[in-house]
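Below you'll find a set of structures to go through.
Next come two complexes, and both contain chain A; in the first it sits with chain B, in the second with chain C.
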Partner chain A sequence: MIKRILILLVLAMLAVMFLKLASNYHENSTLSTLGQYYAERGPAELGAANLVTAVVVTYRGLDTLGEVTVLFISAAGVGLLLRRTRRTDDDEDLDKGDRAEETAGTHKPASEIVETATQLLLPMVILFGIYVFLNGHLSPGGGFQGGAIIASGTMFLLLALPESHISRTLIAMTESLSGFSYVIIGVLGVILAGGFLDNRIMGLGTYGHLFSAGAIPLIYVFVGLKVGFELSAVLDRFRKEDSGPL
Partner chain B sequence: MGDLIGSLFLLGGALFLFSAGLGVLRMPDTYNRIQTGTKATTLGTILILVGLAFMHPAWTFKLIILIFFVMLTNPVSSHALARAAHAIGTAETESTVIDLLEPGTDDDTRERPE
Partner chain C sequence: MSFLADIHISQIVLCSGLGLVLIGLWGVLTQRHIIRMIVGFSLLDTGIHMVMVSIGYVTGGTAPIINDAVPVAEAASRIVDPVPSALVLTAIVIGLGVTAVMLSFAVRIYRTRGTLMIDECTESKG
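Here is the complex of A and B:
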């Protein structure tokens, strides 16, 4: 009874809160000064059909570099916390009957249906991820989204073939090289153009084409690769037992 | 005319999606809930996409691709979820007739209800 009254009370409070929010809301009919600058000058200055990308990668490029760094640190944190410790053979604390404990370390093979679906879908998932980050300057999407899609492909692979080996060296190399190239492009912007991460170090190309908007597609390729491999490494860390050299 | 047929498809899809939600609330165990959450949502989504194709004929090709992926991924993911639930020993409802994933069970051992 008291529980029900509490629920009703919470609902009533939520209703009051949202009523206040909704009644005081009036839509902005004009852009802010900064927004107006981006909207008017952005397409001509940077040549990106997707204005959000122009803002994220170029005008606020340093913030994006910060976000990439945050993701890198969280991936490193996961790696540190989930460091592999090999299970000793005579584990005395193992409870009999606890199925999750008993089967730890032995991967149950995935069913034929999942394996077949993975063989069919995995190339398409990865291709779609690449498409999303290559078209970041033309359509919604970009490096982070494309990278996340690629990592979901890795998840798929780990679910269907739990024993599959993912090369740690390849992941670490690709990730570091992408991050490094991203910063190098930023520094090149200082030397050749107007400032850090300025995309006008390359020709702007034809507005709305795949090869346009200067260095933005290149930056997004590196961000996409970095995010994709980083998240794949995180997923790989969550596997129970080591199936290959660290 | 296209709008009317499309709206009817949308309504049908919404009904199936509603029944999926109802089934997830009302079904007795995990496996039955997974089952309603798959069959009814697959058909509901397909009906809604077909309805959209009637309302916007220019989108038809993309919508067909979407339907293909929904038909491919929805059952496979539910299948994997159900197998995982069985592997960690999730309880079945008492009225379960046969559990084919249990070792030593096949279609012939099924006890026919009298």
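Here is the complex of A and C:
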């Protein structure tokens, strides 16, 4: 009871703070100094039409590398938590794990509609994902969004054909290769251009064309591949460890 | 109706974002079911993203993409701030990673305890 009152009190106090915050809020009428700098100088400096991409990939590229690292660590954490082999010193754990393995093979087959729709849509979903990360510097989208779309294609596949096998070696290889290439491009920026992850190691090209903005499309291809395969691996982990009906 | 005319779109987004934060926090604090707590965390995440996006909004601004529709000369006066958008992009990805780890913990707890109610997992050793 006391706990409940405390929770309500905390929420009420937060609500009062938020109310003050919201009532004192004024919509900006001009850009912040930093935003203005990016808006005025960004297109000429980096050649990327999408300023958010310019900020994410180049101006704050190091943050994005950190972001990719966090995603990698969380995927590794999911893999570690949902791994199949169990420690032998934990009897109860072992027992339940064995039961889980028995039930893992008995998936209900997907309906015909889902299966047919997957066969029809899967190539298009993946193509759309590739389109989104290739055009990240021109239109809304980018590596992370494209990667998420590719992973949703994988989700489709897992729903329609629960027994389908996804090669874990392929996933691991693609993921580490693209992550490695991403860092290599970053280091090339230090050697050939102004700093780590500088996109001007390649020509800026014609503004607004697909092959423009220096290394940004290349970086986004690697980020997209990495994110797509990483999220697919996470989804695969959740499926493989399916312990029967919840 | 002059009262309604004073409300800006970003104020609506800000208030709904703050509301979502409160709902999410309420869910995390009061719910006993682990999946519901994870949903609470996701709501909290989404609320914070909405607050951040609304802070970057500039009156009458459009997406920060410089092309024929928004020439470079007019860019500084017509686009919204690209920095909060980029931050939110990062935050969404991190939130996804956190949710995945939380869900795998939930799977793990269900596997070892056979339950998802937090009340039945009070003892510290299993």
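Assume the second predicted complex is superposed on the first by the 195 of 246 C-alpha atoms of A that agree within 3 Å, B and C clash if a C-alpha of one lies under 4 Å from a C-alpha of the other, contacts with A are read in each partner's own complex, and residues count from 1 in each chain.
Operating definition for what follows: a contact is a pair of C-beta atoms (placed from the backbone, for glycine too) under 8 Å apart; a residue touches a chain by one contact, two chains touch by 3 or more.
Computed from a predicted structure; not experimentally measured.
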Item to check | Contacts of A:159 with chain B and chain C, given as first, second, both or neither | outcome: first
Checklist entry - Just chain B (first), just chain C (second), both, or neither: which does A:74 touch? => result second
Next on the checklist: For A:38, using the defined touch cut-off, is the partner it touches chain B, chain C, both, or neither? Pick first, second, both or neither.
Outcome noted: second
Checklist entry - What is the contact status of A:117 with respect to chain B (first) and chain C (second): first, second, both, or neither? => result first
Checklist entry - Now for A:10: first (chain B), second (chain C), both, or neither, which partner does it touch? => result second
Checklist entry - Is the number of chain A residues in contact higher for chain B or for chain C? => result C
Checklist entry - With the two structures laid over each other on chain A, which partner does A:1 touch: chain B (first), chain C (second), both, or neither? => result neither
Item to check | Doubly contacted chain A residues - partners chain C and chain B | outcome: 100
Item to check | Interfacial residue positions of chain A with respect to chain C in the complex | outcome: 4, 7, 10-11, 14-15, 18, 21-22, 25, 27-32, 34-36, 38-40, 42-44, 49-52, 54-56, 60, 63-64, 67, 70-71, 73-75, 77-78, 81-82, 92-93, 96-97, 100, 138-140, 142, 144, 148, 208, 227, 231, 234, 237-238, 241, 243, 246
Item to check | Complex interface listing, chain B residues touching chain A | outcome: 72-73, 76, 79-80, 83, 87-89
Checklist outcome for this item: Residue positions on chain A within touch of chain B in the complex are 99-100, 103, 108, 110-111, 113-114, 117, 120-121, 159
Checklist entry - Can you list the residues on chain C that touch chain A in the complex? => result 8, 10-11, 14-15, 18, 21-22, 25-26, 29-30, 56-59, 63-67, 72, 75-77, 79, 81-83, 85-86, 89-90, 92-94, 96-98, 100-101, 103-105, 107-108, 110-112, 114, 116, 126
